[in-house]
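Each of the two complexes below includes subunit A, the first together with subunit B, the second together with subunit C.
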Partner chain A sequence: MTERTMQPAGLRASLRGKGAVPRGSYDGSFFRRRTLAIVAAAVVFVALGAVSGTFVGFDSIKAILDVPGGLVWMATQFVPSLPSLDKLGTILPALGSTILASIASSCTAAVLAYICAVLGSRSVGVGGPVPLVVRGIASLFRNIPVVAWAFILLFSFKQSEFTGFFALFLTSFGYLTRCFLESVDEMSTGPVEALRATGATYGQIVAHAVIPLSIASVVSWVLYMIETNIRDATLIGILTGTGIGFVFDIYYKSFRYDVAGLVVLAIIAVCIACELVSNYVRRRIL
Partner chain B sequence: MTEALLDVRGLTKSYDGWSKALGDVAMRVERGEFVSVIGSSGAGKSTLLRCANRLIDPTQGSVVFDGRDITHVRGRDLRQVRRRISMIFQHYNLVYRATSIENVLQGRLGYKSTVAGALGLFSESEKRRAFEALEQVGLADFAYTRTDQLSGGQKQRVGIARALVQDPLLILADEPIASLDPKSSRTVMEHLRWAADELGIACLVNLHQVDFALEFSDRIVGLKGGRLVFDGRPDELDEDAIADIYATGESEDPTLVPDGSGNPSVVQNENEDPSSITPGEREGSSVAPGENEDSSSVILSGARSAESKDLSGEAA
Partner chain C sequence: MTPSGSVVLPNDRRAEAAASRSARPRGDAGDSRTEVRFAPAIPTISGTAETLADVTNDLRSTNNLQPEDDPRVPAGARVTRSGKIKTRVASKPNVALMLTLGVLALVTVFTMVTMNYGKVPFAQAFAAAVGDFVTMMLQPGLAGHFTLPDVVEGLFVSLALALLTTFIGAVIAFVLGLLAASNLSNRAASNAIKVLMSVARAVPTILWVLVFSVAIGLGPEAAVIGLLFHSVAYLVKAYSESFEEVDAGVIEALRASGASWWQVVFQGVVPEKVNEMLSWTFIRFEINFVNAVAVGAVAGAGGIGYQLFLAGSFYYNIHEVGLIVYLCLAVAVVLEVVATKLRKRYIVQH
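Entry: the complex of A and B
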């Protein structure tokens, strides 16, 4: 994003340097040069895609032609059948445990991430090396994908619910710390200054100014994290052999596509419901 | 002379190590005295106020408050000093998510332990005291209203109530009326004046409005480029002194070109009758370069005509 906006700016600046039009007068070629810059950026973008596609042998024409056939196969194989409804007894508890693991990991991560974010904030933090340390830890946890964490943790904790929970927790922690840092640093520092002026202690300032000022965006981020985690948890479940991911994996690999389709539908329903709920909560708190 | 409440000596503050936001400022505030600080933007008014309660650490000089040198106090001692010095801000600095009375109660935090304060465990008498303070500023009806629903003037009065519950000896007000309309400004200034007269709380108020400073102050201090250039009663602040305080020599607005040969007396005559200046005249003719007008007098006439509009609005 930054590169895209910076590139035309740099281009424009260099072109302006060469331009003969004196500062303060009308420059007729300005818009032509801007259009050229945008076209050039678009061409580079398409060319990059084409080159990389060719390199890995991705035939876009063939891929597009394959889509209808694939859709037909999905429509015929993945439609839940009546007998598959009997399996709801297996699906729903697994789905429930996946949802609960996602919420638990998000909330635990949120509490720790918020503490780290406040202490590591540049505006209201404790200063010293703490901001750097917190940013380092957050960046480490965030930049290792949740699937990679699951693989790593599988060795230590074997296939268990805790492995999935822990993998989700670690990425959530990294991601939320980063988001909370932004939230805390972006809030207005006026009330913090006002409380310092009344002689309030650090803990009091955090309780009476920092938390009220940042809570709305913090809750919003936590809700987003829960949504994301429910989706990720499905994938993690396949790896750790727990939750709804595992149920899906079993039926998929034993060619019971109708049941697998039912599992997918259940996951989609939960994701949509979760998003609706979090949108509603967001509207109410903001 | 009895011991001053606030005694600032040789106060110097430099943010970057070489340029001085404040240079060798010495001033006193007596108990119950209302002192205004005037000066153009960047003259060091806010720095002076924040040095008084140590939100900013002075580079040199000393600050004595209530007979105690507070220049280097830290930690618990600093918090104990700060709870007797209230502060009011241009942008109110309220927690908008909270109600008026909750914001007012925050003024009591300096008197509470960390845990009790953080958990908001205020005593019944403190809650009553907070409500009384809201009554005193005329906001009893809005005690349980979220502060983001209040008007600017009401927000600032919540700020004053928060200042009052600290049982302060001194209120520092950093441009309390800069974001307010003339009518709300007057209300806020009247409440501050009342605090000084009735409660004996000294007020040190940064102002951009010279007319308000003249009307409400016991004493006026003028800052220019971080130096104290005027310190006296309002009746001693004549047009020459005002012109001197606001003559920066460099204007922030590039269209205002001071030519150094400004003749304040011309402006003075205009200002004898502020109503003679219409806003159109003020913005159009008086700033044209080449006319013998100093930038300072432009600022002054601006302030003056604002006052004239204010007064006419008040009369109507």
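Entry: the complex of A and C
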């Protein structure tokens, strides 16, 4: 399977050689060629890994030896101590605002992304250059590093909750547009055609066919986005000085690892709770 | 949208018909638009269900028919007390969906109202942000803090970090994925690995990197190990799910012929799934590159992300940020296009 799909036809033919067996009859060299292809792919991967390892100065033996030590260090240093529990008063509000910002940014981004996705869809969109433009914008917003967004927003909006929210909003918008485009394009076109045949307007088609057909998968994506945003909010919080990321950064940089550990535990709890809730909701709506 | 769930109906025959219809897949909108089927029976159609129902109502009153006796009402259609055909039925998934949307909307409105917007006037700040964005995108350039070779080298460092993470992660995830696949492993091992992976996924990547950069010192090792946790968790999930799709007959046939566990894996499972595994691995490589840039910025792990961080928070130079953003964009867009193609070709088909 590997060689058939990974290599161009010419290479495949030359690999078969002169003594190629006619199609349909038993080819004794099949397994030998397959093993050869797998070994060759593995050698290429290892070589690429070795080149990039030497390039960045990655010491694989040191890394392997460091992992257990690092985990033990983490387990001993990041255990929340009793005095650190007093800091819950500052941790919990920050955690709450992070959760709220994650939900709000996912939902607002979802509304905008859905409009863009419907207009830019290849099956039910408005056509013309719109699909290309929408795909371009989605790719631009998704692939500009979140670090760059954080700086631009921090320059003008300064350090406020809105800055963190807006940074999450911009990245969610790019990601969700791409996902929604796929959901809208994947749905069956029968109902849309039926409505079009009865003379429904574009608005009626969207309201009575496109939205009912895609809403469940859209909600599922939004739930996934909320989960992702809660995790990403930590990074954005460190960069923009908002929410739970900022609280972690303060204690981490002042070597109060016990409090930082408490923050990490709180984030873990919220992430797992969020995953469970969204799995439950997904089961109910699908 | 398909009528389902229990709604009181005029007689038992209807109830049975409705029950049999409820087995159809959800979201079949053609089914809920009763007016489409209805059309030939009525001379004038204006297009919406309400009007149609009114027409039916009028016809019924003139003919003095009960709704359930009306031959024009299709069997199984729900009728209200006044005789109109219901076009929306409150089934359980619909109620849950509406509830979810309602809660999300409420939380969003609450957040937007109570959010702290800072001391800066909003319109002014927004205009400044848009201006900065336009400057960044239209006037990228170097201002003397970095040379072009520096930045390109940084880009390759980030790529190399992502590559290393992906390769090491793929090897670890392959073994764990085999142990986590329910058809190749026992229940206890499978569940233990799945729980472990969901905990590893719950900690944000950046925290893993920050913690390891203190525990084992700054450097590429800390960055790669920190990035590995999410990589492994993601790939274990992808690999084990694709292993579980392998036809049980193939595995059984190999086992029956006396193949060992490793022979089952390498003769039955891997040849069938190798394309899918490679696609998932490449998709993860794309994510790892984005993460490597972000991690470089915050944890000082080097690469183009660190240069982006310096340009943004130390030199405050929007032109340099622009140039670095363009380099990242170029790589990310190429990776995204390839990943999308691979996904379409090898993963979505099932």
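Here is the rule we use: the second predicted complex is superposed on the first by the 267 of 286 C-alpha atoms of A that agree within 3 Å, B and C clash if a C-alpha of one lies under 4 Å from a C-alpha of the other, contacts with A are read in each partner's own complex, and residues count from 1 in each chain.
Assume contacts are C-beta pairs under 8 Å (C-beta built on N, C-alpha and C of every residue); 3 or more make two chains touch, one makes a residue touch a chain.
These numbers were taken from a predicted model, which means no experiment stands behind them.
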Could you tell me if A:A209 is touching subunit B, subunit C, both of them or neither one (first, second, both, neither)?
-> both
What is the contact status of A:A200 with respect to subunit B (first) and subunit C (second): first, second, both, or neither?
-> both
Which superposed partner A:L85 touches (first subunit B, second subunit C, both, neither) | neither
Have a look at where A:I238 lands relative to subunit B and subunit C in the superposition and call it first, second, both or neither.
-> second
Between subunit B (first) and subunit C (second), which does A:V44 come into contact with in this model arrangement: first, second, both, or neither?
-> neither
Which partner does A:M74 reach: the first (subunit B), the second (subunit C), both, or neither?
-> second
Hey, is it subunit B or subunit C that touches more of subunit A?
-> C
Which partner does A:Q159 contact after superposing on A: first (subunit B), second (subunit C), both, neither?
-> second
Kindly list the residues of subunit A that each of subunit B and subunit C touches, one partner per complex.
-> 190-191, 194-195, 198-200, 204, 208-209, 212-213, 215-216
Residues of subunit A touching subunit C in their complex?
-> 1-2, 5-6, 34, 38, 45-46, 48-49, 51-53, 55-59, 62-63, 66-67, 69-71, 73-74, 77-78, 100-101, 103-104, 107-108, 139-140, 142-148, 150-153, 155-163, 165, 187, 190-191, 194-195, 198-200, 204, 208-209, 212-213, 215-216, 219, 222, 231-232, 234-235, 238-239, 248, 252, 257, 264, 267-268, 271-272, 275, 281, 284-286
Which residues of subunit A touch subunit B in the complex?
-> 188, 190-191, 193-204, 206-209, 212-213, 215-216
Along subunit B, where are the residues that touch subunit A in the complex?
-> 53, 55, 78-83, 85-87, 89, 91-95, 97-98, 106-112, 114-115, 117-120, 162, 166, 172
Subunit A partner, complex, touching residues on subunit C are 1, 26-30, 32-33, 36, 39, 45, 47, 92-93, 96-97, 100-101, 104-105, 107-108, 110-112, 114-120, 125-126, 128-129, 132-133, 136, 156-157, 159-161, 163-164, 167-168, 198-199, 201-207, 210-212, 214-216, 219-221, 224-225, 271-272, 274-275, 278, 290, 293-294, 297-298, 302, 305, 308-309, 312-313, 316, 318, 321, 324-325, 328-329, 332-333, 336
